[in-house]
Structures are given as C-alpha cells and as structure tokens.
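The data blocks that follow each hold one structure.
In what follows, chain A forms one complex with chain B and a second complex with chain C.
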Partner chain A sequence: MKLAGVSIHKSIIEYRGFFYLKLAAGLVLLSVAAYWVHQPLAGPNGGTWLGYTLGTIGALLIVWLAWFGIRKRRYGVGRLLLEDWLSGHIYLGVALLIIATLHSGFQFGWNVHTLAYVLMVGVIVSGAFGLLVYLRVPALRTENRQNMSLDDMMALIAGLSKEIYQAASTLDDEVGQLVQEADQRTRIGGGFWRQLSGTDPHCATTRALNKVRARAEQFSGADADAARQLVTLLARKVELLARARRDVRHHALLKVWLYFHVPMTVGLIAALLIHIFVVFLYW
Partner chain B sequence: MEVLVSYLTRKRDGAVASRNEVLTCEALSLGRSTDSEVELSGPGVLLHEGVIDRRPGGLFFQAATRTSAIIDGKVARNGPIGIGSHVKLGPYEIVVLNPPDGKDLAVSVELVQPMEDSLESLRRLSVTDLDRTGISKRAFAWASLIVILALFLAWPIFDRYGMREETAAPASVSNLAKTSQLSWPMSGDIVWTSGEISGSHKFIANNCAVCHERPFVKVQDNVCVTCHESVRHHVSPERFDLPQLTMALCQSCHKEHAGPTHIVLSEQTFCGSCHGNIKSIAAASEILNATDFGKDHPQFRPIVITDASTFAMDRLPLEPGKWPVEKSNLAFPHKKHLVASGVIVPGEKDRRVLECVDCHRLDAGGVGFRPTSMMTDCSSCHWLNFEYTAPQRVVPHGSIENAMLTIKEFYSDLALRGGAEIEDAPALVRRRPGTAPLTPEQRLEALAWAERKTKQAGDRLFSKQVCGACHEIQQHGDALTIAPVLLSTLWMPKAKFNHSKHATAPCTDCHNAPASETSADVLLPSVQVCQVCHGGEAASTRVPSTCIMCHDFHLEFQEVMREKVVRSGASARERSR
Partner chain C sequence: MVERYQVAIVGSGPCGMSAGGRAAERGMNHILLERTDHLSDTIYKYQKGKHVMATPDILPLRSSMPFEAGRREEILQAWGDTTKNLGVNVRYNAEVTAIKGQKGNFELTLRAGEKIVAENVVLGIGLQGNLRKLAVPGGDWSGVQYQLDDPDEYESERIVVIGAGDAGIENALALAKQNTVFIVNRRDEFARVKEANQKAILEAIEAGQITCYYSADPKSLTPGRLVLTVPDGEAVVECDRIIARLGAIAPRKFVESCGIVFPNDSAEALPELSPRYESNVPGLYIVGALAGFPLIKQAMNQGYEVVEFILGNDIKPADQPLLEEKFRALLDRGRSVDEIIELIRTRMPLMSGLTPLQLREFLLDGAVHFPKKGEVVFERNDYTNSFFMIIDGGAEILIDPTNPAVRVNLGPGEFFGEIGLIAGRRRSATVLSGGDSFMIECPRRSMIKLINSVESVARAMNEVAMVRQLRTYLSPHLTNEALAPVLANAEIRYYKPGQVLFTEGEPDNGVYLIRKGSVTVARQIAGRDVIIAYVAAGNYVGEMALLNQAPRNATVKAAINTEVIWMDSARFRQMLDAAPELRGEVEQRLLTRLVEGETMKARPEAGNIIQFLVEQGVGEATDILLIDETLCVGCDNCEKACAETHGGVSRLDREAGPTFSGIHVPTSCRHCEHPHCMADCPPNAIHRAVDGEVYIDSSCIGCGNCSRNCPYGVIHMASKEPPKAGLLAWMLFGFGHGPGQDPSHKWGQKKGGDGPKLAVKCDMCKDLPGGAACVRACPTGAAVRVSPERFFSLAELTAR
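Take a look at the complex of A and B:
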C-alpha cells in the first residue's frame, strides 16, 4: 500500500466526517432490523426472500471490496478518490461480516457454502489486522528509525567494522576469528519468520560480543584496553543491529497481512462463485 | 640470511605495483603480529602464520602451532618449498622467487583474496523484504483458486454428471435406500449440501440425485410422492379454491437441509395465518378460528348422537349450562356401576368394585379404546338367563328372533324329552326320560306347554327387568323392537388424543363418570380442562402445545395429493405440446 505517514492513516478512519462509517452502520442496522422482523417458517436461512436479498448485497459488496485491489493500482480513474475507496473498503468490509452472517441464518456445516463464509471471515480478520498495523506501526517505526533509513543503519553498522578490526588487530587469533565472523556473517532479516520476529538468535555479532566480553578479563595491559574498546564497539554494533531488525519487523508487519488477505480473497471469490452456482444448480 | 620481500599491489587496470624490502633474519616469519618479519595485516590473518627457513636440503615452510597453510595447492602443516612455490596464508599468497645475486631468498607477498567490503557483505546476507523470502502472494492465490475449483466444483460435477449411471426412478423406499449406497464413501457433490438433511431422510443423504433430478430446477413433488404416495390434501380442491394449499410444492412447507430437526413444520403461526380468520380465506368453511391453544382456541365441539333412532348427529360445543345431551338409546348410569361399595356379580359371594379399565380397554396402539360390547364388558354380570332351574342357560345378545328361538328350543326339548323339574310342568313333561314314546296327541300337549313357557319367559326377558334395563323396547302390536343403539367411538375425529400418554392422570380428572347418572351425559372434558396443563406454542408455565400436537395437516378423509402431481404433470405435458 502506497500510503505513508500517520496523518493519512488517521484520515482514512475519519474520512469525510465518517461518511463510510455511517453508510456501513446504516446498512447493518437495516439488515439487522429486517432479520429481526422477518420470521420465516422453518427458521431464518439463505433461501428466504430476505436471505436472497442479504446474499445479493453481500456478493455485490465482496465484488466491490475486491475491486479495490485493482482500483488502487490505477491512479486518477473514476469519480471516487482512492481515499474514498479505502475508507469504504474498511467500513463496508466490517459491515459485510454482519450482513453475510445474517444471510447464513447462522446455519453452518462442512460444505462449500460455509467454506466461502470462513474464507470471507479470514479476509476480513486479516484486513482488520492490517488496519490495526497501519494505525499503530508507522509511529513505532518512525520512533525506532530516528531519522535513519535502513540503508543508513546498514552503512553505520558496516562502518563500525573497520574500527572493530583495528581494535582487535593486536588481540589473539580466537578474537580475530570472532571479529571476522561478526563482520562477514552478520545479517539483518532473513526468512519469513525471522523478519517478523525482529531478532536473530544466531547473530554473529552478538555471539562475538558475548565471547569477547567473557574473554576480556583474561587480558592485561594494552590487550585489556583493546578488548575493552572492542566490547564497546561490538555493543554499539549489536544495538544498531537490533534497531535495524526492529525496522525490518515493522516493515514485515505492514506487509504480512496481505499474504493472507490477498490469496484468501481470491479463494473467497472462487468459493463464492461455486456457492451461487450450486445454490441454483441444486435448487 | 638476506631476504628480498616484494609487496605486490594489483591495480584496477591489472597493472602490478611492487614495493621491495630487504631483510636480514635467521628465518622469515610471517603473520599479523608486529614482531613478524613480514607483517600481513588485515582480517583473516593469524598473529603467527609460520616461518620460512633454510635447511640443509633446501627451503622449508613450517606453519605456526595448530594452523596449516596451502603449500602448492595442498593443505599441509609444513613441507619443503623451492623457487616457484606458492604458499597461501589466509588471504595472502607468498611466492618463492629466484633470488637475485647476493640474496639468499626472494618472496613476493600479495593480498590475493581481499576481504569483502563489510557493507557489501551485510547487504548480501540480509533479506529485509517479505517479497524476497520466496513466499509469494500470487502463488498462494493461484493455489487456493486451483484447490477450491478442483475440490468444490470440478470433482463434484465429474462425480455427479460424469461418472454415475442414470438409474430409473426407484419404485420403493427400500429400492431407494439400496441405490443410495454409492461406491464412494462420500459422494463428490456432498460438499454442495446447503445443510444437514433431516433425520428421516438421512438414508438418502449421500445421493443428492434422488431429489435434485434436473439441474437448475427446484425439487418437484413427483420426487416426494414416489415414496409419500398416500399423503392427502388439507382441504378438498373441489370445495375450496385455494391453490396456495392444493397446488403448493411440497418443499414450500417441508424445508429440507435445515438441520437434524423434523422436516414437518410445527409453528402455530403457520396454521394461524389462515385459521386466525378462516372466513377471509374460505368463506364456505364452517370451522371456528384458532391461533393459540392456550389463548385463542374455540370450545370443543364433539360429534354428538342426537338421536340414535334416526342416526342423527350434530357438532355441539361443550358449553357449561348448555352441555350437549346424547340420545344413544342405551341406558347406562356410570354412577351405579362405579359405587364405592361395589356391584353384585352373579355367582360371586362378595360385591366387586368396578374401575374404568374393567370396561374401557386401551386399543393396541394405546391411542384410543376398544369399543365396549355386551359380550366382553356386560355379560359377566348381566346374564341373559330365562329359566331359574337352569340359570346358566342364556339367550344370545343382539337379536330378538334368535333369543326367542333359543327359549323355544329349550322348552320344546324339555317337553319332548321329559324329565323337566319345573314345578308348573304337567306330568307328561315331568315323566322319566326313556319311557314309552309319546303319542301324537301327547306331543301336541307337550309342545303347547313349551309355547306357554316360551311366552312367559319372553315376556319377562323383554321387560324392564332384563333387556329393558338398558334398552328401549317398543311394542308394535304383537311385534317387539329394540330401539337401535349408537355409541360414539370417536367424539372429535379431527383431533388426536393419545390416552396412553396421559396415563399418569386418573381418568376422573377429565371424565366425571362417577357422578353421571345417565348415558345422555357427554363425559368429555371442555377445552378449559386441557388448558389447565397445556398452553400455546410459546407457553412457559404450561406444556407448550402447537396445533399439530392434536391436529393433522394432511387429513385422512381428503383426496390423496398424488393426484395433484399426476394432474399437474399431465397439464405440463399438455403445455409442452
């Protein structure tokens, strides 16, 4: 999503004086009232006139909500602004959860109809997670970055290496080995979970710091001074690494929900089409 | 020894710059340490890598403790070297050169594997974007699309329309059950089910094709009546023009796939939608409005026999003060039979206390009662005997002619055979049996006696003393008739009442028989008596009772609905032509 900055995220919620919140709330209230009043024989279900009505509204909402994925890639198309689409996407997405539940009449089972419902719930829940992330994480990320980009942090980390080698040059081979590994094997991020965790339990620099700190007591004289300096430098590098990894975590959090939101939307559309097809095939 | 050391630096354009240094030492030591003759700076170099010294056999490389070098491509701790030898120490390569005059040894030192730049290394190892982890949204999306389409669309369609042989419509339920056992444990289209099938239809749950015959066509009634062929209409299609009842699809009321509950509607609102104001739906209807058993139900109107002689019956309400009176032509005072001290039973010493069940026995189904009859319920006390010297001899019940014939035969037999011990009998009749045969005159005399006795006994039998105690006997000249008896076996044929389910209550809670002095009393409870325990569908302090607890929708006396299906099928065929 190409929206950045805290102010935009807030404005999506309050957009146009909560116009889309009011629209969604109106739709939900109307549906709940109709469900309350309508007392079909054999209990509420998707096959009554209200069931078909709510189902049609739900299906149209799904199509419109999914269309956002295409609309957001096209700039300046249509009458509505992208902000309209996003604000509506959020509120009408939540409304869909209630409308589709009423459509089901709370009848669930091991079938393609409930599959469509479960996928829809998955899409909405992942979207809600995405919204929470977009409301919370950018501020944390800004605070963590301290006006640095990830590239800046990496340059700072790499820049420490020369000083570290310098400090370690007079120390023994074991320290030399640790320092070299810390320089050549340290990494930021990694796999899916590593990026999301924001930590690295196998970090070569952390390992070097811990070992050098433990060995520092054995040194004396000039070596002890060098070791002390080395520990300071390594600690500084570890701190910078933690900051960089937090940044990667923030970045991953801002994107990870889409790995569920998008594929489940595609699955939902498939299940929805089958649901509609089958309802009339086996009328 | 004198050593010439050339430090080589390779420039970007490939040109090599060298800086020479001449050393004098015992042996040439190499390493990161500042006390090494050749100081190899930078990461990846040990403090002490090794020494090159001159031995009697020639030059020799000796690595420092616990380390090894690559000498001419081979990993070794030590070994002889000569001119042209390459010794690899960490990122450095030492080449032994041909020493110039006056020098004992010449080596070149070059950093051949400079360490990767720290930033480059960090960037190369770091993966900081989820998109670069090999997990792809697009792949997930395609996978979910393909799996869902395959499992929930392609396979069910293939299984339903591609693989199964079309079977002829099953002729019977057992046939249907057999054809529904498919070779697969679960049919492919079972994932299309819109909900759990009702309990009584579960035996065909795995075979959607039984009901869903044609694609995109609602389930038709011909499917239902294949098995439910005797289901009847709610109203007569001829009397009432109510197509919403007589032409409605079965499934408009019987909703399938709504869970394990019964498929029969039980909501009283369903009934009340018409029966709340029945005249507005069917002006010709004579039934009364009802919407809720507890709050809005008319008084019971049993079919009462108003005159058994003319077979006249009427539906009369059980209104207090205007309680209907039945004229069954049978006198039967319940009160006399239910006296607490008991009744006299012929042949028994003690009086017997009667209970309701002595005469009213539940039928096999437990719903109603077997009809009472003289033979099974009355005759053990009420003996139809006519001759006190032979109290066991009784006349058959039910026909005056047969009764009189029985009496006549009894006395005629006595008269002709002799040996009668009846006081007023002539000597001829009292003679010892087996004596000389009677003359024709004697026979006439004996039979004349028998005639007289028959008349006497008949008069007594058909008096108030015996038959007249219960029956109305009418004299037409010489002929006697007994008024025809008609007893109700079912007061309210449109309402089901299961007596066995009410067995915990004494009979007298509803039927006040011990106080009834005449059979004209209609001993039914009023609706108010039922309402003491039963309320409407939504009752919370009474037994919640819906309409169909007592009333059927499909009425036994109406036309079978199958006819409607046959008719509509025929008219559809007509239309299609």
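Take a look at the complex of A and C:
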C-alpha cells in the first residue's frame, strides 16, 4: 500500500531499495574474496592478519548490532529512522554469520571460542525467526481481528455469555449445568504454550456446544426453539473464542523470540569478551 | 421597607468580589449578592488543591483584594478574610432572578421573592450559568449532588448518575471502580458525546460494571429511593447517592431579560459595552467573564475599575501598561496610546463599528509590526492563521505562484490574511511589505470572536474576502469586470456535517466554491451510495452539470462544518466565456474528475476507506498519525518515544481508536484546520505553528476546557514527570523506570508528578530536529503521518 507517497506496505526487507542488503553483500563479497586469495601456511585461522581483520570487523559488528537495543530506546535523536537501523541490523546481522565463520577458519572445538560462535549463531537464528514473525504475523493478526481489538472481542464474548444464560434458562438443569461450566471454565490465553498454540483443546464452551447439540433433538416445541438458539449462540461464542485465542497467539509470537534474542545477546557479549581476553593472554 | 443601595453587585466571582471590596473601601452603601453559600463559586468548584495561575504575568493587579498564583484553598481563604476585614456587605443564597428599572432606581428580585433597590447594578455572574436541577418531587434530598470532586471518596455505595452527557459518563466510569453505579439516560443511545466516552461507557455496561436505564426519566424521589419512568412502566432504584449532571442553562437569557442587547445569535457574541463597562442600559454595568474577559486577574481589575467609574472617577484601565508596551516604538515618537487607538479606528474602516472598549481589548491580543519595504510578512504555504491590518505603508500580495511579478498592492486601511483564517489551511499567497509599514497582526481567536460579535466586521470582511477567494481559487488573472456579474448575486452558504449541497439527478443549480471545510462526492452504484471523491477547501464542485448541461451526476455532502461561495450557473458560464484561460482549466479539471470517477467506480473499497476516514474526522485534519496494521508489530515504541520526548506523558494512545481495512487511526491529535480545542482557552495558550502544528504554550492555566472541547479526546491533563534515572542505569541495574514504563504514561492513568496539572497534547515534536519521534521510533515503518489531501488522493488510494 502506498500512503501519501510514502510506501508503507513495503516491508523492512525492501527498505530504501535494498540499500542495506547491498551494503552487507559488499562486505561479505570483500571478505570472501580476501579469504580466497589469502592462503596462510598454517591454513586459515583467527591468528593471521586476515583473521585479525575479520575478527575485528566481526566484533565491531556485534557491538553495533547489540547497540540497536540502546538506540531503539533513545528517542527523538539521530538523523536516521529506526527503520533504517532495523534494516541494517538484519542484513549486517546475517553478514556477520559469514564474516565470523570465515574468521574462525572453520576451526571449532570444545572451548570458549566456539561457545561465543554458537551463541552468535543462536542470536542470529532467533533474529531470523523474529524477522519472519514480523513479516508474517501482523497481516494475519489484522485479518483475524476484522477491525476489532482484543478488548472489543472480550466485550462481545461477555455479552454473548449473558445471552447464553438467558437462552438456557428455560431448558433443563443438565443444559444449565453445561452452560454454567462453559462460562466459568473457559479461558483465553494462559501459560506460555497455551498462548503460543492459539487453541484450547479442552475449551469448555466447545464441549458445551457439542453436548447441547447432541441433545438438541430431544427437545420439542418452545424448548426446541430455545435449544436451537442456544446452539447458535454457543457456536458464535466458540468462533469468537477461537479468534481471541488466535489474537493472543499472534501477540505472543511477536514477543516470544525476543526472550531468546536478547538474553543470548548478553551471553554473546560476555563470551566475546572472554574470547578476546583469552586470545591476547595466550599470545 | 425595601433596602436601598448606591450599588448592588450581582455575583461574587473574582470581579464581583473585587468590586465589593473596592466599594467597601470607598465607603459606598453597597450589597454583594451571591447565589451560593460561599464566595466565588467558579473558583470554589475547581478541583481540590488546584494550582490557580495569575496570568497574564505582565498585567498588574489592581484590586482591594489579594491575588497571586497558588493553591485554590489558599486563594479562597485570603479572599474570605479580606472580604471580612474590609466589611463587605455580602448576602449569600441570594440569587438574583430579575433586574428592572433604570439608573438611580433599579429593582432586583431575589429567588425568595425579596426585592432590593439600587442606583447602579454591576453584573458579574460569569459564564457558568445555572446548573439544571433535578425537578422531581423530593429532588431536594440531601443525597443529591450536582458535582463530583473526588470519585475516590466514595466506596461500596449504590450511586445513580442522572444525565448521559460527557460529564455524567465520566463520573459514572470513575465511580464504578469502587461502587455500584447506575446511569440514567433519557435517550435510547449515548448520542452527542465524545467517542472515547461512548465506547468506554458501552463497554462498562456490556461488562456489567454499570447498569444503564435507557429512555428513562426520573419521576419521583424519596430519600434512598429513586423512581424512574422507563419504556415498560416504572423502575425503582435504591441508592445512597445521586449525582445529577443535567448541564447548565447559559446566563444569556437572564442577561437579555435585564434589557441588555446582544449583537446577534451566535453563542460567542458578547454584549456591547462602553469603555466604562456600561451596557446599553445606563447604570447597568457588566464585568468579568460575562463581558468577555476570561481570566481572574482581568476580572478583579475590572471589579475595582467599575466601582471607580460609578464614583465618576475616570481612571485609566489597568491594562494601560500592556498597551504602552505594545506601542512602545510609537510612543517614543511622541504619540499617546489613546491617539494611536484613535488612529487605528479612523484608518481601518473594518474597525469603525467597534466600541473603544472592544477595540482596546482587541489590540491587547494583537502584535505590532513595523516591516521594512520588501520584507516578507508571511509565505505561501505557511500554516499561520492570523489576520493583518495595514495602518501605515502597504503590502504586496504575490498572487500568482508561477510569476512573482503579478502582485496586488494594498494600502493603509486594508487588510489581508483572511483567506487562511477562513479556510484554516495553508497561506495561499506570499505577502511582502509594500513600504515602511505599520501593521497589526491579530490572532485567529480574537478575530473570530470579533467576527461573531460585531456584525459590521463580518460583513466588511466577507465582502472583500469573496473577491479574493474567487481570484485565489479560480484564477489570479480574473479581472474585476469579468468577476462583477458573478459577484453580484454570489452568496456565502453554510453547511453542517452531513448536510447535502446537491443531490444526484437534480437539475443544475449553481457552482459551489468551498472556502472552508470539505465535502464528499458520492454516486449511486447498484443502489448504494459510493463515495468517489473527497474535495477540500479551495476547490469547487458543481461545475460538471453546468458544462455538460445535464443533471447532477453525483451527490455532494459536507464532511465537516463547511462554507461555500455559491455562484449562479448562467453567470459563471458567461465568466468562463470571457476568460478562456480559466475555461481551459475548468475543462481540464472536469476531465480529470471524469477519469477519476470511473476508476473509483471500479474500486468501491477506496470509497469505503474515504468514508471511514471522514467519519474519524480525518476530513478536518491537517496532519494525522495513521498506523498500517499489517506492519505494526505492537511494540508500542511509538508511545514510548512520545512519552520520553514529552516529560514522561505519551500524547498518543496506539491501541485505542478504530481500524478499517488495515488502517488504524490511533487516539492522537489531528491538528485540525479549525481546532476545536482553541475555542475557549482563557489565556489563549493554544496556537498553530508555521508548519501547522497545533500546540499549547506555557501560559496554560490547566482549566481543562480544551480537553473537553476536543472531539477526539486527545488532550489530557497531567503534571510533569519527576526526572528519571538514565537509560543505561535502567538497563544495567534496573534503576527507576524504563522508557515509557511509568504507569502514568498510559492514557487515563494520570498519576504523574505533583506539580500543577496542565493540558498536554501532541505538538508534532516541533522542537525536536528531525520530526515526529513516534514515526522515527517505529522499527517497521507502520506509523506514518499524513495530510488528508494526499491521503485522499485517488492515485494513492487506488494503488493499494
């Protein structure tokens, strides 16, 4: 979508005509070319001049990438939009994977150096996952919401609950019991996995719907009308609940990956410091 | 025996009380009549602990009563003490219901039927009017109150709120937190209230927090038991307390019943007064807010002065030093303030209908400029909306943006700036000073007040404006001869939002040039009205039928309050024939519209979006924050950015507000063409900057009027946040609150610091380099600021 000449339907990927992709690609190409040309005696490793250069670039990139967490919270400053920073963050973050791998010369082992590398890969992978979420989920969420907010949905659900009680009030106790259970035991959200799954296999309202539906044919006359109305209302509520749960799932998806991305970043920086310290200590 | 006094003062607000104090000091035989059982009801009703301001700072206080900025309680205390010490003769619970008679022998009737005779009357009853009382049997129960100071005072009570206006809703919502609340609504829906309030109350009712009686009217009351008439009979509510918010009756009727004449029916009209505050009824004086002076200090000064005037003492008004300051440069050349005012009055035909008091007050608001020849006064596309009068020298208006040589020269006595003032949009031309000039710049608000209270000003301005608007919006090259026939029967027409200018299928009945507001153009497609265009001020509609010689092919409705210049078709056609250049242009525009119409017909979604945005008030916006929901990841960084750059209080609420077709309109200022918030700000603290930002300056006194007047609920009252620990201290050690983390940054939870509560709203970060912080802090580019002209433009809508 174009809004007032500003393309706002362009994702962070295409931002500024792939400027940051080009920047990152240039950096990677240069590094790969140097790695290709440079043939040290002991085989490629972190200790050659190219190793040091790539290592320095990698370390600076990590610091810069982690700085994003600070920059994001410094408001009203700087000439670039946060969008610029994020676009750069993404492409240079991926570039880092290649540069750091070249820096390592593919020498891995059970040591702090490899730990730093693994943490870095962890951050990058979680970042890539986050990016996918950022690109996909907002559109899904919008579609699921149908111009309502979660609060709107909750209000509708609360309203339906009342109507359901009313519709059930003329029917027998068993139905009354089901409806009451459905109202009291139905949950939206909940623990970590429940939120992420976006469904509830034990949804009390769904159960009530199925049971009432199965019993509906036993009623006759005015009761049959009431039962039909009850089934309709329950079905509407089930549908709304499903939507609300999906909304919770979308919300959780948008947040959850950061709980990996950020702590691992902290770990990475610690490991990186030790890595550098150790290298210079045993020089 | 009726009591007789030299002067009776009605109302003990700042002005009445100050008049009483002076009268006592001067030993006059006086009486001060107050409706309530305390002094100064308006101030008494301020929120507890409110910090009262003494603006304008440069205006000296001239009163027998003390007054300086401070807490409400202290000020009331000081006034109470001084009133006693000076021996002011106050009578409480003495509402005046009628004033008859003439100078030397006025007869005042009190509510209880008692009569008082006075030689002179000072009317200082303010603007707050009479609160409507609960008029049912038993309505005088002590559990009925008409005001709610502190909702947190009540707990576990059953409370009935009567009245479903904004005040009633806000009270009900606040009380529902700790009490069982019922709200009584006369209608079957919540109409004519702020959208945010409507939504909140409906949600609360839906969620069972508040019980609403619709289409209900109070019938009778016994202590603790309210009977309502409801559609299916009667309902009885047991209650501990009743809050009745039934609105107020404006004082105008009462004032008119005393024989005082208002110049017209406009709600903003003020009674005409002499420089001694005397009304058209000799011996009957009007001071304070009722006379159009909305601040405490002004009111107190007038109270003092009016007593001196009654005593025949011709003192200079206390605002004299302000005017002297203003005219300093001219005073140095040996003229006196009075001479300058007289000069302005005689030079400016526009001002000749003003009384000297009106002119004085008007000039107090104005700014004096002495631009040199060729100096720029304002530039085309600036967003300022003040009005300029040329007293000396002249002005050159560059009417053709493509050719700076095409100029119109104005001389002394003429004015300019009215087009921007009327349209509320960008300046349509650049203006240079035509010599070494003396100009007066009047702010929008005082000018609007003047237009609404002085008929002659409105008429004179419209006459000139019409010619200029036609030239500006049609073609700068139109000659007076070509325009004359059209002008001869052109007229200004006013439309309310949703009102129809003309309907599809109607015969052609004229051309409409929009000079203020905007309209939507809709066409019947498959039996449904589909919006095909949005047309803003500065454009015309209705030319299509005229050129095609066919019936109207679309229905045009006002999107907001709109003013048009209506022109007769036959005469408009003649004008086109005489001006081939214009004809070509009109034809071209017609063709564009035909093409656009076809595109829109094929894309009804685009029309639906226009419809949605117009409903959200985007039509009157100059700049609005929109969020592309399909990009927004819900990180709230925009809100945090706003809070962090504005003293800890976010001026935008991202989640709130409606969404349509993936476009979300958050609760955030629209920087309206004609900002409703400006309407009655006592210190005139709300302005529009050159780039269009509507902002509040430091002279805000925290009265909350703007927050009530803004239909979009985007202004709220907050104190400044205490300073926070640094960002790194928070990140590394968890000191203090993180960005936007303070609970008070959230809408509605306005804890904040302890300082005075002032109005806060979006200022588009005008003081930050680089533009709006919200947009700059959005990581995915979902938040954008746009102006409606561009947003509504077809190309952008259909590119979706």
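Definition applied: the second predicted complex is superposed on the first by the 272 of 283 C-alpha atoms of A that agree within 3 Å, B and C clash if a C-alpha of one lies under 4 Å from a C-alpha of the other, contacts with A are read in each partner's own complex, and residues count from 1 in each chain.
We adopt the following convention: a contact is a pair of C-beta atoms (placed from the backbone, for glycine too) under 8 Å apart; a residue touches a chain by one contact, two chains touch by 3 or more.
Quick caveat: nothing in here was measured; it's all calculated off a predicted structure.
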Superposition-derived comparison: chain B or chain C, residues of chain A touched: B
Which of chain B and chain C A:Val125 touches, first, second, both or neither: neither
Partner chain in contact with A:Thr142 - chain B first, chain C second, else both or neither: second
First (chain B), second (chain C), both or neither touched by A:Ala224: neither
Partner chain(s) touched by A:Ala216 [first = chain B, second = chain C, both, neither]: neither
Touched partner set for A:Ser11, first chain B, second chain C, both or neither: second
Chain B versus chain C as contact partner of A:Arg79, first or second or both or neither: second
Touching partner for A:Ala235 - first (chain B), second (chain C), both, neither: neither
Partner chain(s) touched by A:Gln184 [first = chain B, second = chain C, both, neither]: first
Contacts of A:Ala155 with chain B and chain C, given as first, second, both or neither: both
Doubly contacted residues of chain A, that is, touched by chain B and again by chain C: 155, 158-159, 162, 251
Touch list for chain B against partner chain A, complex: 32, 34, 41-47, 115-119, 121-123, 125-131, 133, 135, 137, 140-145, 147-149, 152-153, 189-196, 208, 212, 215-219, 253, 255, 258-259, 265, 267, 269-270
Chain C residues within the chain A interface of the complex: 202-203, 206-208, 626, 628-635, 637, 640-641, 644-645, 655, 658-662, 727-728, 731, 738-739, 765, 768, 770, 773, 775-782, 784, 786-787, 790-791, 793, 796, 799-800
Residue ranges of chain A in contact with chain B within the complex: 39, 41-43, 45-47, 107, 109-113, 115, 150, 154-155, 157-159, 161-162, 165, 169-170, 172-173, 176, 179-180, 183-192, 195, 248, 251-252, 255-256, 258-259, 262-267, 270-271, 274, 277-283
Residue numbers on chain A that touch chain C, as the complex places them: 1-6, 8-12, 15, 69-70, 72-79, 81-83, 85-86, 134, 137-139, 141-142, 145, 147-149, 151, 155, 158-159, 162, 251, 254
